[in-house]
Amino acid sequence: MSNDECIGSAPFDWIIIAMSSLDTVFQDLVIANRILAKEDVVDAYGHVSVRHPDDPSCFLIARSLAPELVAGDDIVELGLDGQPVGDEKRTLYLERFIHAAIFEARPDVMAVVHAHAEDTLAFGIASATKLRPVIHSGSFIGTEVPVWDIADNFGDTNLLVTNMEQGRDLAKCLGSNNVALMRGHGFASAGRSLIEVVRMSVYLPRNARTLMRAKQLGGTIKYLSQGEINARNRGYSPYSTETWRAWEYWASKAGCGDMLTRPDDVRSRVPEA
Amino acid sequence: MSNDECIGSAPFDWIIIAMSSLDTVFQDLVIANRILAKEDVVDAYGHVSVRHPDDPSCFLIARSLAPELVAGDDIVELGLDGQPVGDEKRTLYLERFIHAAIFEARPDVMAVVHAHAEDTLAFGIASATKLRPVIHSGSFIGTEVPVWDIADNFGDTNLLVTNMEQGRDLAKCLGSNNVALMRGHGFASAGRSLIEVVRMSVYLPRNARTLMRAKQLGGTIKYLSQGEINARNRGYSPYSTETWRAWEYWASKAGCGDMLTRPDDVRSRVPEA
Amino acid sequence: MSNDECIGSAPFDWIIIAMSSLDTVFQDLVIANRILAKEDVVDAYGHVSVRHPDDPSCFLIARSLAPELVAGDDIVELGLDGQPVGDEKRTLYLERFIHAAIFEARPDVMAVVHAHAEDTLAFGIASATKLRPVIHSGSFIGTEVPVWDIADNFGDTNLLVTNMEQGRDLAKCLGSNNVALMRGHGFASAGRSLIEVVRMSVYLPRNARTLMRAKQLGGTIKYLSQGEINARNRGYSPYSTETWRAWEYWASKAGCGDMLTRPDDVRSRVPEA
Amino acid sequence: MSNDECIGSAPFDWIIIAMSSLDTVFQDLVIANRILAKEDVVDAYGHVSVRHPDDPSCFLIARSLAPELVAGDDIVELGLDGQPVGDEKRTLYLERFIHAAIFEARPDVMAVVHAHAEDTLAFGIASATKLRPVIHSGSFIGTEVPVWDIADNFGDTNLLVTNMEQGRDLAKCLGSNNVALMRGHGFASAGRSLIEVVRMSVYLPRNARTLMRAKQLGGTIKYLSQGEINARNRGYSPYSTETWRAWEYWASKAGCGDMLTRPDDVRSRVPEA
């Protein structure tokens, strides 16, 4: 994934999502919240957002609420400055600037997750081992996973990203990568679709655990090669049967299988051109 | 948090709790019991207490019962000597003196947890690694986490804190800190509110696991700085939206979301002065 | 616990159980099966037995069935040779000889568990670290936990204990201890009551994990002293409020809280003498 | 297990399955899918197949669907080239060639699992520790567990086995063994019956974890001897009471205990000859 893959050159899959009704996007965002909670990526904290399908200058995210409890009417619309677009009186996530700044810096990014998934945390604080893909399902975290330390430019803080300046610093560290670890805090991940960013966020801790265990077993560790990472990225499509299979399964496990909108349902709803 | 933050200088949040009805405190204590059980901080053993909202010389705690099974009428009222205030015939926790002695020594403390959470235990018995905050959610355990060894002053015991003398020795070791590990046994944590002490007790094992894994990954480990710990303490408020979000989520997971009293409900119940 | 504590010198608690109706023992054995399954001590394999309350020369154990599925009418009565006492046509556990041989060798033992609890297995195959009590709840495994290797006296087998000769070899290795690890296989534990042996079997893996993690943290490890182990044994009573609290909690978690017979129910059922 | 145990010399147990109705095989395959999901061997990905009971030149496997969601009418019939036997319009697993190639190379194999069970992954990428049986329930993985690296013969791929050439390369690496690890991806296991391959796949990660922990405890590790592995294989029968006990238990845990066909039901259904 690179900045070249901006909206102008969006692949077919994205077109479908863009044409889908806003209702479907809301519903998918609720599903994403529930999946991330069920799969232990988020707990009371952590959030997921999606760029507005009709207006790339704003994004959708829940109001301040634990992801597992999010329903459709908890979703609010924020601008790329992290402020509500309409008249929104409900309390918002303090760290919504993570999302705002990444959407601002990366027109190719359609969805963002911020979370504290436990098994990623050690990689943000131990200097000796870099987090890199070692399993095929972890390939989407990309070749390099930079570690952002808020203290580098902001000194002693409460570690939270609570304004655009901090968010932009994080987005700069993320660069064109898919994931940045946040020292002593968690990670931010950015994807080309909601399904992609959820999947990446679920498999990120699994990749982390596998690398940790391999270090304990000892000897040389075989990481995925750059060619393998590229090959997997080339083959990835958020609405392929293979990707859908995971989304369907996780939604079912999270108790919201009934909220699923199958891609072909979306297709059939698209007016014939 | 220091001893200076005694009741006389209690912040606004605490005033609210102090003025709330006793019923709400009972209900919150039941919720705290269920959350600690669901989040694997306690099992059949371990307990949580809260200082009496109307009388700082006594505290509320369940009778001898597994926390998951505690209901409102299982709560008893004990004095700072660990003995029942009224005519109480039911069996009490053997280790209620942990709570009594900490409430006695620390007027700033409003709630106490004692538990055996598994992932804290190794830090009480291995000499090479000190437990310290490495993740932002672990900051509330404070800069220093002393390890109390009952054998130092009491020789060979069954390791339980079964009288005031032992409880006071533990409280002395705790000093003005928020958590003390108890060698070969568990930990005691002390907070400015029930929500704070529950939250600290849930994130304590997570912080412990992260540090353990970081040690395995190797190299230099970045701990939270003193300035970061301070910044987080300054920003903490037990009834902020952010703190409430976790309490609400955990209560919901523990199956007692219907027992929640929202802080604004409390506020509306406070007679206008 | 030593061989001196034989039936003749049984403490008051045991008298109660001995006088309780056979129905209660059957029900408690069903509860024990369910608890061990729920707490991940057994899976499809592993079993628990109790000496017959009226006849010390035989014991009760389920027919060949996964412990979670055991109900009252799955319980069979076997002699100390591991053979059915009555006319029993149902298939029996291949490894019932573990129980038979321990009951035969140890008149003080009233209940036996054999299981493959995962976190005990590594201690049976790695030579560098001996399993010993490091936490107070693990004290009941006793000062020494011998490792029995079936290969020492029986060469290449399928590792199962399928006759009295093998069972007696294991019982000999167990000696007057409470637990023996079985190399590449699991463990056998022996207690003075069903509640005691279940509790010991639940906390054995927890003690093992704590020791494993302490080894990773490094430095000197503080084990429980002999004096502490003795102090805990002296204070132990299977029908104390504290012990009952765990049994009640685990039964409730395992979905069979309704099958519990409270000790005072037992007492009230004992004919007044 | 060796190639000598081909269909012609199938033991009695297999005859029974072969004579059982196709319905029973379909139902058992659904159960196998559900068990593997419940026991965390597969998630959205991974699959299990069984050779057709009436025609060894084809096999049964689900259409592209998460194993937990598989029902009877999701099962399709594929030939040993991995292509559908009949007119099948539904999307198939991309990696069905793993199954096809193993069934083609190994007439003795009646069932195959491919999965990404997390705790096996580290052994595919760390060079210092070989996966070998250390616990009796892990004996069926066999003396040697080869590691197949798709990069050796196919260079940079997306790591998936998507054609017969790749499948045959994997099957060649598997040889006459029961399990091959797939570097950075997962494993393939092959058994003489559906029950056997499911059981092996459930205990494979447990054996891996035990070995990992033993490495951490340090010192010499006692692996199962070749004689012990042989003794266990000799005693194994997929429809013995002991094996059935696990299948029944796992099916019950996975919520499909009602779909079980007891071996004696099968026997009674076999026409008397």
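For clarity, chains are labelled A, B, C and D in written order, and residue numbers in each chain start from 1.
Convention: a contact is a pair of C-beta atoms (placed from the backbone, for glycine too) under 8 Å apart; a residue touches a chain by one contact, two chains touch by 3 or more.
Just so it is clear, the structure is predicted and the values come from calculations on it, not from any experiment.
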item	value
Touching chain A and also chain B, the following chains	none
Inter-copy rotation, chain C to chain D, in degrees (Cα atoms; steps of 5)	90
Fraction-based call for chain D against chain A, same above half, different below	different
Between chain B and chain C, centroid-to-centroid distance (C-alpha), Å	34
Interchain centroid distance [CA atoms averaged], chain B/chain D, Å	48
Shared interface positions of chain A, touching two or more other chains	215-216
Partner chain D, residues of chain A touching it in the complex	134-137, 139, 206, 209-210, 213-225, 227-228, 230-232, 234-235, 241-242, 245-246, 248-250, 252-253
Chain B residues within the chain C interface of the complex	43-45, 64-66, 68-69, 91, 94, 116, 118-119, 121-123, 125-129, 149, 151, 155-160, 183-185, 212, 215-216
